[in-house]
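Letters are used for the chains, namely A, B and C, taken in the order the chains are written, and counting of residues starts over at 1 for each.
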Amino acid sequence: MTALSHAITQGSLTSGRLPKFATPVAAVAGAILGFALAVIFGGGNLGLAVLLAYLIFLVAMEIAARVIEGPRQAADRRARHLIVGAFLLALLPLASVIFEVLSKGMARFDIGFFTQSMRNVVGKGGGAVHAIYGTLYVTGMATLISVPIGLLTAIYLAEYGIRNRLSKAITFFVDVMTGVPSIVAGLFAYALMGLLVGPGTRSGFSGSIALSVLMIPVVVRSSEELLRLVPNELREAAYALGVPKWLTIVKVVLPTAISGLVSGVILAIARVIGETAPLLIAAGFTASLNNNLFANPMMTLPVFVFDSYAHPGTDVQAYWDRAWAGALTLILIVMLLNLIGRLIARRFAPKTR
Amino acid sequence: MSIKPFAVAALVTAAALAFTGCATNEATPAGTGSASGSQTLTGVGASSQKAAQEKWVADFQTKNSSITVNYSPDGSGAGRSAFIAGAAAFAGSDRPFKDEEMGAGKFAGCAADSNALDLPVYISPIAVVYNLDGVTDLALDPATIAGIFAGKITKWNDPAIAATNPKAKLPDLAITAVHRGDDSGTTNNFTDTLNKLAPTVWTEKASDTYPAAFGGEAANGTSGVIQAVTGGAGTIGYADASAAGKLGKASIIVNGKPLQPTADAAASILDHSKTIAGRDANDLAYSLDRTSEGVYPAVLVSYAIVCQTYKDPAVGALVKSYVGYMASADGQKAAAEAAGSAPLSADLQAKVKAALDSVK
Amino acid sequence: MTAKLSSTPVGSAAAQPKPGPDPKRPGEAVFRGLATGAGILILVILALVASFLLIQGGPALFADPAKLATQGYGEFVSWVLPFAFGTVWAALLALLIAVPVAIGIALFISHYAPRKLAQPLGYLIDLLAAVPSVVFGLWGSVVLAPAMLPLFTTLNSSLGFIPLFAGQVSGTGRTILTVAVVLATMILPIITSLCREVFLQAPRLHEEAALALGATRWEMIKMAVLPFARPGMIAAVMLGLGRALGETMAVTMVLSGSRNITLELLTSQNPNTIAATIAQNFAEAFGLKTSQLIAAGLVLFLITLAVNSIARWIVARRAQYSGAN
């Protein structure tokens, strides 16, 4: 009762707040206690120390908030601390991955890596230029195949076949397609090209087909969502001016959604550019540069990375250095694509001001 | 818009990279199959040969700059399948074709009346590698190795291990035995060794697949095994000796003598073994005899599989010269340096050469 | 009403109730045809993939078990069952780890982080979706597995009475729990970026109304954001699940897989996944073994199909109850 009357006289919105410095103080105290406990009982295990520190901090704040601020505020604080905790926890593996790639990839991230192939190279030296081109060719072709098919399908789903049976079937099977295991896509492309061209055909184009099977559903899914977000008023305005439906889509709907469409495509490229298993089967393996997408095996970066890791010669370190440098290059290519995509989107997006 | 200059620079770099279309270490852009004078030879097969093939390809291409050789380390089974389908001019395989798989007309790349030939080109000892703090020297008899990998010997200070290593300080630590999780010729040869030398302990027959009943830790590929052994504590595994790196390699005790997996101790195994009976004189498929005096028993012999007569004589000529280089004294020496393999004996080199001379 | 207006464009003949293919406008027919054709093409591709799996895997599915025992990997169902279990089990564990964390990150970016921080963070997370699986595999086996080992030993010695943590601890840390963490890290960006988009689209008015009524931020999220976002969140989780089910390379490189069904998380004897089994054994497979592996691919395909059907069903049910839209 006294607490309530106190709250009423003081004004409930301002009363009973933990001071602002409570959070950092509790965090520091939790850290010290957690580390001390870890040293005493856990043999100084860093992971254990951080976990203990976090738990102590959570419990301390919970008790303090419950006593001073009441259960609702305590729940709010608990949620916030858990969410921030989840965020920090997730940063841990992600930062570790990036640190690992950067620190180990820099050893061979030099001019030679970007100007030489592995033709006639054994042991040290050499580069991945054949794999970089291969990846650009194969992924570029896959994009050329997937984007028109995916985008047109998305247009059909969002604009034409609203809730009819065909569109329901397509939506369902596109979802199924997102789950086609990547290696199956590779085997499929290999078998298909074997039938069409000749047994055992391996080329960059086969790789593109395998990647397209994986890429199309991602393009459809993201594009469809974005087309649906375009306000109906825009379409209606165009119809009112006598513009036919297809021109409305091309001139009004697509430009409105272009920024999201582009980032959807980039995400789809990012999803497939790192695929290893299908390319190993469909595009094959070579140490030389191949500029012809339609004949002979073509090397790609993921295959290069995997092979350098899995089949090193006697000079293991040289191969591993190249593997990490290849991984770093792959990530940088995706970053670059992302950047280009954003620029394109900005260039074509309708001016809103 | 502070992001723009950087973005433009990045774009220009990317564009520059994308349009040169060449690699500085390659004289002409290779792989343009239809261009006159440039030829491509495709081999598919065992990943065990990969390091050696890389060296052979490099040497061969240096001498013949208009030829591109692609050896795809897809695996022995994939190599044999590709050879049957005519997708590969030659296959690398950790085992020869079986009798029922041979036969004239079964191979799409060969002439209708042509059989295949199995030619040994790559011999490599399989090392028993281990990672145990403070122990640098380890000698094990086959029964002990079989016991460890079969999960019957579970501690490093087991009396069976101590008996052959009186000087080593063996800790009271659990043994983690690492085996290949993927099917492989290495597993086949290793399990065959254990089955031949310690049949009472290793009751399973030789197989590409590690027997599931024996448990243990699985890792993918040679480098996976090496990595698992390196990364763990008290681990033991088997892998191509050349891949062992800094890991300890246990000696295998045969007839009372400890043998290290050296090239010398391994190479002579084919001289003590017989070819499989009932085949063409030029077919050099061996059934290995692992019990000979002074021969390291765990050895992998990998083959190049070629046609007796190729449908396309041009391909036949290419294969002849390339595989001929592989089996030559120079080629074997180069592979020994680059891949740590055991060179074929001079006698066997001559036999392979004679067989290749018959190839059309 | 607006829908009705839109379907009768001014200027077109009044007799024409719907904007269908207009003979005077061939562009319309062509475009509509192209869009429909693309949709049908996708169905054709998927049918081709399915028939490829059936044709190539068929010999193993319909083969005599005795023949499979000698030339293949053994009787099909008992061979594939542990892998099917491993696939679902690893993906489920990965989801258990990833979903709470991903939702936490998404909420942090959409509702907690300062606005200046939120966009770069979102970009960073998107980028991580692009890290190739080979890299995750390398990282998992070189960095994560040894790092997890002390934790595994502690769990086993203190909580070993729980079946999950029982058994002989692996000496290398390459267990299904490590794989689950790797998979969780891989699907985290996917789930996060979709959830974030959905959270950002929660109606502003509802949020502000909740805050105006005195709700704390968490109560506002519980009342105004999460109910609205639930279908989208389920879709995100399912997308992540699809990725986890089909992931090949990372599992291949990290897991010490075998062929048994067990719930123990810390031992060397983990159930392998279907995708990893195919990738590992395809290289050496020959004849009937190849068919058997492709038939396993068909099983994985069916598992994915089932998961997607369940997801659709859940989303459809939820959509009826949620007040969104």
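Everything that follows uses one rule, which is that a contact is a pair of C-beta atoms (placed from the backbone, for glycine too) under 8 Å apart; a residue touches a chain by one contact, two chains touch by 3 or more.
What you see is a predicted model; the values in this text were computed from it and never measured.
Visitor: Looking only at which chains touch which, which shape fits best: line, ring, star, complete or other?
Guide: complete
Visitor: Centre-to-centre on C-alpha atoms, which chain is most distant from chain C?
Guide: Farthest by centroid: B.
Visitor: As a quick test, compute the distance in whole Å between the mean CA positions of chain A and chain C.
Guide: Comparing mean C-alpha positions, chain C is 13 Å from chain A.
Visitor: Averaging only over C-alpha atoms, locate the centres of chain A and chain B and give their separation in whole Å.
Guide: For chain A versus chain B, the centre distance works out to 37 Å.
Visitor: Can you list the residues of chain A that touch 2 or more other chains?
Guide: If we look for residues of chain A contacting two or more partner chains, we find 281, 309.
Visitor: Can you list the residues of chain B that touch 2 or more other chains?
Guide: 47, 74, 224
Visitor: What positions in chain C touch 2 or more of the other chains?
Guide: 142, 282
Visitor: Which of the residues in chain A end up touching chain B in this complex?
Guide: So the residues of chain A in touch with chain B come to 114-117, 119-123, 126-127, 129-130, 132-133, 136, 194, 199-202, 280-281, 284-292, 295-298, 307, 309-314, 316, 336, 339-340, 343.
Visitor: What does chain B use to touch chain A in their complex?
Guide: So the residues of chain B in touch with chain A come to 3, 7, 10-11, 14, 17-18, 21-26, 29-34, 40, 42, 44, 47, 50-51, 54-55, 57-58, 61-62, 68, 70-74, 82, 85-88, 108, 221-224, 242-243, 245, 337-340.
Visitor: In their shared complex, at which residues does chain C touch chain A?
Guide: Checking each residue of chain C against chain A gives 2-3, 5-6, 9-12, 19, 22, 25, 27-28, 30-32, 34-43, 45-46, 48-49, 52-53, 56, 100-105, 107-108, 112, 123-124, 126-136, 138-139, 142-144, 147, 150-151, 154, 181, 185, 188, 193, 216-219, 221, 238-239, 242, 245-246, 248-249, 274-275, 278-279, 282, 294, 297, 300-301, 304-305, 307-309, 311-312.
Visitor: Can you tell me which positions in chain A touch chain C when the two form their complex?
Guide: Touching chain C from chain A are residues 42, 45, 47-48, 72-73, 75-76, 78-80, 82-87, 89-90, 93-94, 96-97, 100-101, 148-153, 155-157, 159-161, 166-167, 169-170, 172-185, 187-188, 191-192, 213, 216-217, 220-221, 232-233, 235-236, 239-240, 242, 244-247, 249-250, 263, 267, 270-271, 273-277, 281, 301-302, 305-306, 309, 323-324, 327, 330-331, 334-335, 338.
Visitor: In the complex of these two chains, what residues of chain B are touching chain C?
Guide: So the residues of chain B touching chain C come out as 47, 74-78, 80-81, 174-176, 178, 181-185, 208-209, 212, 215-220, 224, 227-228, 231-235.
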